[in-house]
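Please go over the structures that come below.
In what follows, chain A forms one complex with chain B and a second complex with chain C.
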Partner chain A sequence: MSRNSRRDFLKNAALLGVATLPMSLVRLSFAKSGDDFTFAYISDSHIQHIKGNQFVRNWDMGLKRAVAEANLLVPKPDFVVYGGDLAQLGTKAELDHGAEIMSALKYKTHYVMGEHDYYLDLGAYWEKLFGPQWHSFDHKGVHFIVLNSVLTHHHWTYERWPTAERRMAEMSGLDNPNGSPFMVGEKQREWLKNDLAKVPKSTPIVVFSHSPLQKIFKGWNFWTDDAEQVQAILKPFQRVSVIYGHVHQIQYNQIGNISFHSVMATAWPWPYPQSYALAESHLPVLTVPMNRADPFFERDATGWQFMNVKTGRVDLTYQLPNNTTRTVAFNAKTGKPGDIAYQEKTKRIPPQDHY
Partner chain B sequence: MKYAIAAAFAALLAMPAALADEFTKKDMERWQKDFDDAAKLGRALWVNDAPIKLGTNGVACAQCHPNAANTHPETYPKFQKQIGRVAALWEMVNWCIRNPLEGKNLSADSKEMIALQAYIASERKGVKLAPGKH
Partner chain C sequence: MITYPKVWFAAAAVALSFNFAGARDDGLLGLPALDVPSDNPITKEKVVLGERLFNDTRFSSTGKISCATCHSPAKAFTDSPLKTSKGINDLTGTRNSPTVLNSAFNLTQFWDGRSPTLENQSLHPFVNSVEMGLKDHAPIIETIRNDPAYVEAFKKAFNGIDQGKISMTEVTRAIAAFERTLIDGDSRFDRWYYKGEPTLTANEIKGFQVFIGNGRCVSCHAVEHTSALFTDHKFHNIGVGINRIPGKDLAQMAQEFLRAKYNREEVDEKVLKNPLASDLGRFAVTLEMTDMGGFKTSTLRNIDLTAPYMHDGSLKTLDEVVEHYNRGGASSDKEPINPYLSGGIRPLNLTTAEKKNLVAFMKTLTSGKHLKK
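Coming up: the complex of A and B.
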């Protein structure tokens, strides 16, 4: 760390009253040479309106902390991605309040749509604040794609519920049997095909979606119904990474040429699907789970991510308050992502056992 | 009055003897329904859809515990490291009501606390008892 950046860091830390920021946050932030670059990823803040100007304090604090810490990164990340579910019930009050907290970020930010943002007005107000529901951009030789993966059947969306509020409430319950499976949908898949038609197959592709573009557990929508069709569109490319939110936990997987990574929530953690004994689920066997949450530490098992794009692969470093930092990096030897400390069975620790 | 009591007593004696440990299929159905009703109320409280609200900020148990997962009723009572002693499940439920939900403790024998535990247990059917397991 240069003397200047250390001084700035300490100054910022002092301003924030954050005396114990993990130093790895700073150490890991050094840019690599060449085309390597970094970006930050914040997701699932679930800003929840109580009434008037009151919002749930706990969820506010999670997002504020992530924003403050991301602002301390030295050198600065090239951009930030927000992974969806900024709001809890998609209201203007929640989206405005979330956008206000996010406005303290010093970086260009790309937003991904979550179901909690979408199902009140089908993304109308969100689009006004954050831009189109799906788009692509190029950065330092990598082609980035933002998808809205939380769409569902026409009947469920437009005909089943008497009011928009009811539709939002039904979709907001993760375990609500009245919900409906997420999908990217035909229209967006066509757009994706066209968007990728002009991209050379050797270009690294990074896709941002809210739901996993793989099937893990349908009961909680750890699932995208047309995942296989989307994967088929991505298959011709040599290096593809999919980064998703929604699951509030660490997951990663490799399917063919596609690496999958989930990100943490800033709001609260979710159980691993195998913790629900009455239903079958399919957590990727590659995944070494995050530590079980200790709810007595309000921010435990929440966090945000710092991502290093190296030779077109995405390495994730999870910033976990009250917990050891985790890094999941692409392992060129195995051709799969792996946890740099815990991947081997013998290296795992009891808190990673979920039941 | 005396005659009336005597008559009632005589009528009781005339009834087929009801043995204390005998119950019918109908009884069992009724008791099961009582449990199911309790679990149903528990689920309604869990998702913040009951007339009584557990918290003050609109946060629901289900937000962190979909299908009551990660509540581990089969492990209680157990040493709870944050409390420093062996604790019962209902104490942990109250912890959640006080903290994330910003509400007030329920009494251990309240209808609502019993309903919450009925719901939690119903989502954990078939899992072996493991008292004390962390």
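Coming up: the complex of A and C.
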């Protein structure tokens, strides 16, 4: 009812603070308001080539919308992060098409590597388009790190498969016994140690990876095999946030000093709609595929979010089409992120259990 | 939120059990129960008064425009075939006049839903500079208080209200009460679907199959088991209007709105008055990006009588409407698909026969009780 007049709406907006977007917007605020800044986050578009100049329309539309809305943002984000899986099968056609849609963005963009971008040519063409697979940069007092967390064993990558296409296909499946767990790997961990050696321990650290740098569910590679080792490198820092894509759903967690947040996909939600029903279980053993008879509203359960990096901690505001906006913020009392309006069972939207 | 008691009309009972022999023929077959606000019960006196107010041209700056000018009983309560409405001094607005028929069931009023009730809705056209052109509502109250017939009618309708106490509250309540009687079901479709009568032709039935199948129409133009309003009461960007806004202007206007929201200020008048802003639709009301270019799903009842179509009247015929949806949200092959398009709109690949039957089906939704010849 509050939406019925602009005046009422503005009143509500005052409570919400920043608003709604088709991607993630991260806001970093510091003691001096002049240092505040925001960045936007778009992820998991899975641009998929059919043949010739045909691409899957729905995935295209998801990314186009995110780009269009990012360009309208007020306040303007300082930069954009793309969270990986721009392509579906890592081909030139898909990466080029995705890059073309992304080129409409008016901001500097940092790209994270996803497994769907990587396993055809091991990132060769992606690097030409988007730059190094891992790097770091400083922005207004925050140290940002981009990792390629979707690497795996040498044997699996270089020796097991007869063709690059087969390798890509094996890695893109879920619950695939032929798959292999993601990892950051020794070489990159060494780089990370060296990169962080010169950073003061009080500097807020924000790490971008495609897979969660924590172990959630191996069958879907909601998993990074050397997560503990990476976490150990990040441990000496007072405020660390890890933001990852890959999971196409909302997740948040706290391990020691590290806050973890996922971002949503622009392509499809995973899964739909049983994710509501399974929210109570601790492990996301989400074995039900998307099974809407006719997923009419294609953007349902996809999206993007605002991030507000208050005092170096990341708060995320999720914009959910046809649903209520939710904010997951760092809770100083509990020492971990939580939904700021955690809802009693009776107030939750019940899961859809019929089709 | 106020909960309104439900007033069940005979039609609801009919719809619930279409075997019900000897059901009252009240023209409401296929409509749900109507919610009537507890503070504005429908009475005969109030309805008669409301109709008179609705047709009175004195409540405009030139004395020539009434509600009925753009919502004419002779034109299914629209101003068909005008593209957009013609108000004071022949000034035209930016939106196509929606029918008042069955608007009592709408959860929001106006194409962008900026008004929550019928009572609130009727306040606005009086003081819109291109509609009825008054500066404020004072002349309306003055005219009424100085007209003995009106004073008497208000007394009858509102518990003997004093002449000096008549206000816009009573005026809008009377108009709303009248509008709540303008509900029409019992179309050929209703008789076929809810009563099992053989009122549709084979092609019209095929058209209904397209409507609920390949055509994907029913996802927004809802048909329920016991009644059908042919709307989901939501707002969708279907690729109409938004393409008229040059990209640069869209960005600039949207950012003006969002800046105002971010700074918790009111949006600048200049932006609100920019005719291009009209095509931002629901976004200008909620300032939610998901509402960019979105407009309310309109009912399809009496759609054959209310051409032209869409919020801007830009599509002349039902055939053009079907072609627009068949292209996936573009009015011509040259028109680009806008990035804010609602997630449900996609190319349909309908055959020529499917399109023809779909249009034939929509023409079965005409119901005549309140139509004046």
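The criterion applied here is as follows: the second predicted complex is superposed on the first by the 285 of 355 C-alpha atoms of A that agree within 3 Å, B and C clash if a C-alpha of one lies under 4 Å from a C-alpha of the other, contacts with A are read in each partner's own complex, and residues count from 1 in each chain.
Simple rule for what comes next: a residue touches a chain if its C-beta (ideal position, glycine included) is under 8 Å from a C-beta of that chain, and two chains touch if they have at least 3 such contacts.
Here the structure is a predicted model, which is why all the values come from computation and not from measurement.
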In the overlaid three-chain picture, which partner chain does A:140 touch, first (chain B) or second (chain C), both, or neither? neither
I'd like to know which partner A:154 touches here: chain B for first, chain C for second, both or neither. neither
A:220 in the overlay: touching chain B, chain C, both, or neither? Say first, second, both or neither. first
Answer with first, second, both or neither: which of chain B and chain C does A:235 touch in the superposed model? neither
Have a look at where A:128 lands relative to chain B and chain C in the superposition and call it first, second, both or neither. neither
Pick one for A:64: touches chain B only (first), chain C only (second), both, or neither. second
Need the overlap of the two footprints on chain A, from chain B and from chain C, as residue ranges. 57-58, 294, 296, 298
Within their complex, state which residues of chain B touch chain A. 47, 57-59, 62-67, 69-70, 72, 82, 95-96, 99-100, 123-127
If you look only at chain A, which of its residues touch chain B in the complex? 46, 48-50, 54, 56-58, 173-176, 219-220, 268-271, 275-279, 292-296, 298, 355
Any idea which chain A residues touch chain C in the complex? 1, 3-7, 9-10, 13-14, 18-22, 57-58, 61, 64-65, 67-69, 71-75, 294, 296-300, 319, 321
Can you name the residues of chain C that touch chain A in the complex? 1, 108, 113-116, 216, 219, 251, 254-255, 258-262, 264-267, 284-290, 292, 328, 337, 339-344, 346-347
